[in-house]
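These are the structures in question, set out in turn.
Each of the next two complexes has chain A plus one other chain: chain B in the first, chain C in the second.
And now, the complex of A and B:
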């Protein structure tokens, strides 16, 4: 019986952690549904009146679907470009025998360590010369500067964990290295690739500085930029900001939930008794 | 099926480790060749060179009548069974067996027929729809073997395929391998560190040390006529006793070593060497005696005595080393003296 209180400790810790993590989200959700006039009351996270006014304003007056679409496009495209290229690069670094592998990996890491602000001016000049300012490629290309190193690092780790025997078996079975990569390595690395894709997408979704610097008007603003620019000269429309934040959270939450199931499925393939 | 010829083959790894030194080796069509040696002797590297998973630093590899030295593994048409089995974990047993056929665009009906035949031969029909993770060690081993057989390759390369099995299964799998080799008539190169496996399976044994082949001959010849002290000690269990030849009354050449297998030692009152029994290990049908010879400075000496009349520990005994069972080696080089 004396074990019981000890066994409860992790459970209590878990509940506390969850409460801390969920508190701002609950507040955000509650406040986005409250009339503006009640937002600054003494107990703002107990909704006393529910209104969808903020959401209506968000889509009718502020045209918030445009930044959501921009963010989805830019983040999605970046993920689609970055992950396959990073996967090939990581496979080469993890498996092939070549000189200077360590140096390449160190450089990749160093590049991802640059403070973002330091590469904004050169990137701005490049994009201007290429006439890519205020375009989708004008965001996707800069986003590759941080998403590729991230992907290469994560995937190199995943590929290294896979047993080499499997690829060698495939090659003796008659597969070329690329075929072995497709038929054997990629299916087994799927959980790793999925988590890399999620992380890449999240980084792009949350990215602010590049989006602010390389877009010029509301037609190309991404969600974080659009929300920041809600604030007027004399007031901040907190209700709409919070409603926008809720809208911005939903796609990401859905994506993570969808992929999480795949990741778990990938990890347990063949492990269950039938 | 095809013969394999290695000429002047050498492999030095980029880190400077010399794994294979100038190996010449001819494997006949349909032969069962076992590469045996202690770990690190280069036997697995030699197999991987034949497979094309490593590139040699010198020498040529000819399979059938094609020089495949520069060919990548998929062009060599060999099948390999890995120590880890290396079954594709995300594919069913059926797809594991059929992968090589699919990659080589074998006609589907033909492939299905071959998979069914191999599954029947190896008694794994019931497992075809399972995943590797749902199989026992012995079943995985059979599937790995099946994946090699179904391809009908030019030769089979087996890298310690039985070392992950428990002893009972291993004996059974050994018998099955012999049977398969007889029915398929296949060229097999088999790597093991277990001299017993080498003795029981091989048509010929190649004993390796430090990247070179010390002796290549049928197993019984290697056992009866080891070319040097290394082979003499490595093949046969327990290992051969080696003592200075002067102890057994052989004076020339000076410094020579006399070798005798524990089974061949005879105990009897008329023996010329005195010894003390230190430990007795009864094994049922016989007993292993650990002896200390009276002349000082001699390593522990083993004798295997059949029957129940075994001297107890502490007893003083006399040994005879029958002349026709004695091996003589050069004391310095270790080479066999005739």
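And now, the complex of A and C:
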């Protein structure tokens, strides 16, 4: 009889942990639907009166569609540029005979680890010189600093997981390396490429320091920068800020819901070789 | 025949470099060159507000200034202390979450989604959320602390130099514990369940089994997760910028934030570059130490 309560401990701890993980997100959603006045009551808890006023103000008065569009464009473009180039590199690193593979991979990992601030000053001066400050390419280029190493690292892991037999068979049948890559390897690697693309997109969507440093005005702010720079006349306009955080979370939540397995695969393939 | 093999090998090596070249060129241009430029700029007097001074070479003067700059020394201390407090918390809680996810027989998808959401949302959103919850007027967490009598009736977390760290650390732990858990879960799944079953036959209880079997086999995964988290914590920027802005005063200011302010607000590019270089060296030093520890602990786990 004494075993039962002990067996319940992990379950209770688990439920508590999950509640702590999910509560802030639920609270964000609930509070974004409350009238501003209720936020300042001592313990408002559930929204008794639901209002979409904050969302209306967000899109009508603050033009929040502009940063959403900027973020989608920059994140999408970076992913489209980085993933294919990284895939070619990763295939070579995973499969082909070449010297210095280990060194290349070590460099790639090292670069993905360094603090972003350490390249902000020269990038700022270079982008200013090229008149690329406050432009989309002016964000895509800096975003390649983390998305290329990330892509190479993840995809090398994914390519290594694929069986070699099929492409070798294709090459024995007379296909060239590139042909085998295109017709045999790439279709097999599609899930890994999807994982990489999702993670790259998420990292770009969430990026803050580069966007803060290399955009100059609301026309090019990304979502994280726009939310952070919201100012009220006297205090933080919490209602609108919360509505904005909900909007910023929606694409992420959709990706997580639709692709959780692919995301977990990406996270673990990146770590298991470390 | 031999000749043919080597020519095929040559062709393969050539193709390999051809495939690697675009990615390496981009990485070289957008990352390695800028890092070198930062290092070079750090040795110059370079102030965008005083362009008539030019950019004279001043050797290590910027680093000497940094060493004598109390605000920088405090920032260094903040960064290291933040990493040393939040990462162990994340490892312990992440281990708990991983064990739970591993043991879950029902609702695995739900658990996985709940864990991935905090990890995936933008850091800035997490920061705003925790700032909101700790806010003296609107914050549900602040209100709970007051109700429990743990703080005074008008306690404002953001005006106390020490207390202001709580929302930052809470946000970081909340956001990254799931990441640790997912890495550790992958480690747990590689452990052969037969080991635990054998120990159970021998009469070992669940706690004993966890400590003597699971934990030692999980050390490589723990070392990797700790390394990822430490390197990330040492570049703390977003959370500090958004939750406290480094305040009150500069009581919660990490190195990255001080460097950012020096660069983008004071426009002192030479000195700011020197501060950025130290931020880089800090992560580099940690990585070097960790690679040694990592090597040892993995061999230790195998023996």
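Throughout what follows, the second predicted complex is superposed on the first by the 233 of 274 C-alpha atoms of A that agree within 3 Å, B and C clash if a C-alpha of one lies under 4 Å from a C-alpha of the other, contacts with A are read in each partner's own complex, and residues count from 1 in each chain.
We take it that a contact is a pair of C-beta atoms (placed from the backbone, for glycine too) under 8 Å apart; a residue touches a chain by one contact, two chains touch by 3 or more.
Please read these numbers as outputs of a predicted model, since none were measured by experiment.
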Touching partner for A:31 - first (chain B), second (chain C), both, neither: second
Chain B versus chain C as contact partner of A:137, first or second or both or neither: neither
Chain B versus chain C as contact partner of A:97, first or second or both or neither: both
Contacts of A:183 with chain B and chain C, given as first, second, both or neither: first
Touched partner set for A:114, first chain B, second chain C, both or neither: second
Which partner, chain B or chain C, touches more chain A residues: C
First, second, both or neither for A:169, with chain B first and chain C second: first
Touching partner for A:124 - first (chain B), second (chain C), both, neither: second
Which of chain B and chain C A:248 touches, first, second, both or neither: second
Touching partner for A:152 - first (chain B), second (chain C), both, neither: second
Residues on chain A lying within both footprints (that of chain B and that of chain C): 97, 271-272, 274
Touching residues (chain side chain A, partner chain B) in the complex: 97, 163, 165-166, 168-176, 179, 183-184, 187-188, 269-274
Chain C residues touching chain A - in the complex, by the definition given at the top: 9, 12-13, 15-17, 19-20, 22-24, 26-27, 30-35, 37-38, 41, 93, 96-97, 99-100, 103-104, 109, 111-118, 120-126, 128-130, 132-133, 135, 137-138, 140, 143, 147, 174, 177-179, 182-183, 186, 221, 224-225, 227-228, 231, 234-235, 237-238, 241-242, 255-256, 259-260, 263-264, 269, 272-273, 276-277, 279-280, 282-284, 287
Contacting residues of chain A [partner chain C, same complex]: 10, 13-14, 17-18, 20-22, 24-25, 27-28, 31, 39-40, 42-44, 85-86, 88-89, 91-93, 96-99, 104, 107-108, 110-111, 113-126, 141-142, 144-145, 148-149, 151-152, 177-178, 202, 205-206, 208-209, 212-213, 223-224, 227-228, 236, 238, 241-242, 245, 248-249, 252-253, 255-257, 260, 263-264, 267-268, 271-272, 274
Chain B residues within the chain A interface of the complex: 14, 51-53, 72-74, 76-80, 82, 84, 86-90, 99-100, 103-104, 130-134, 147, 151
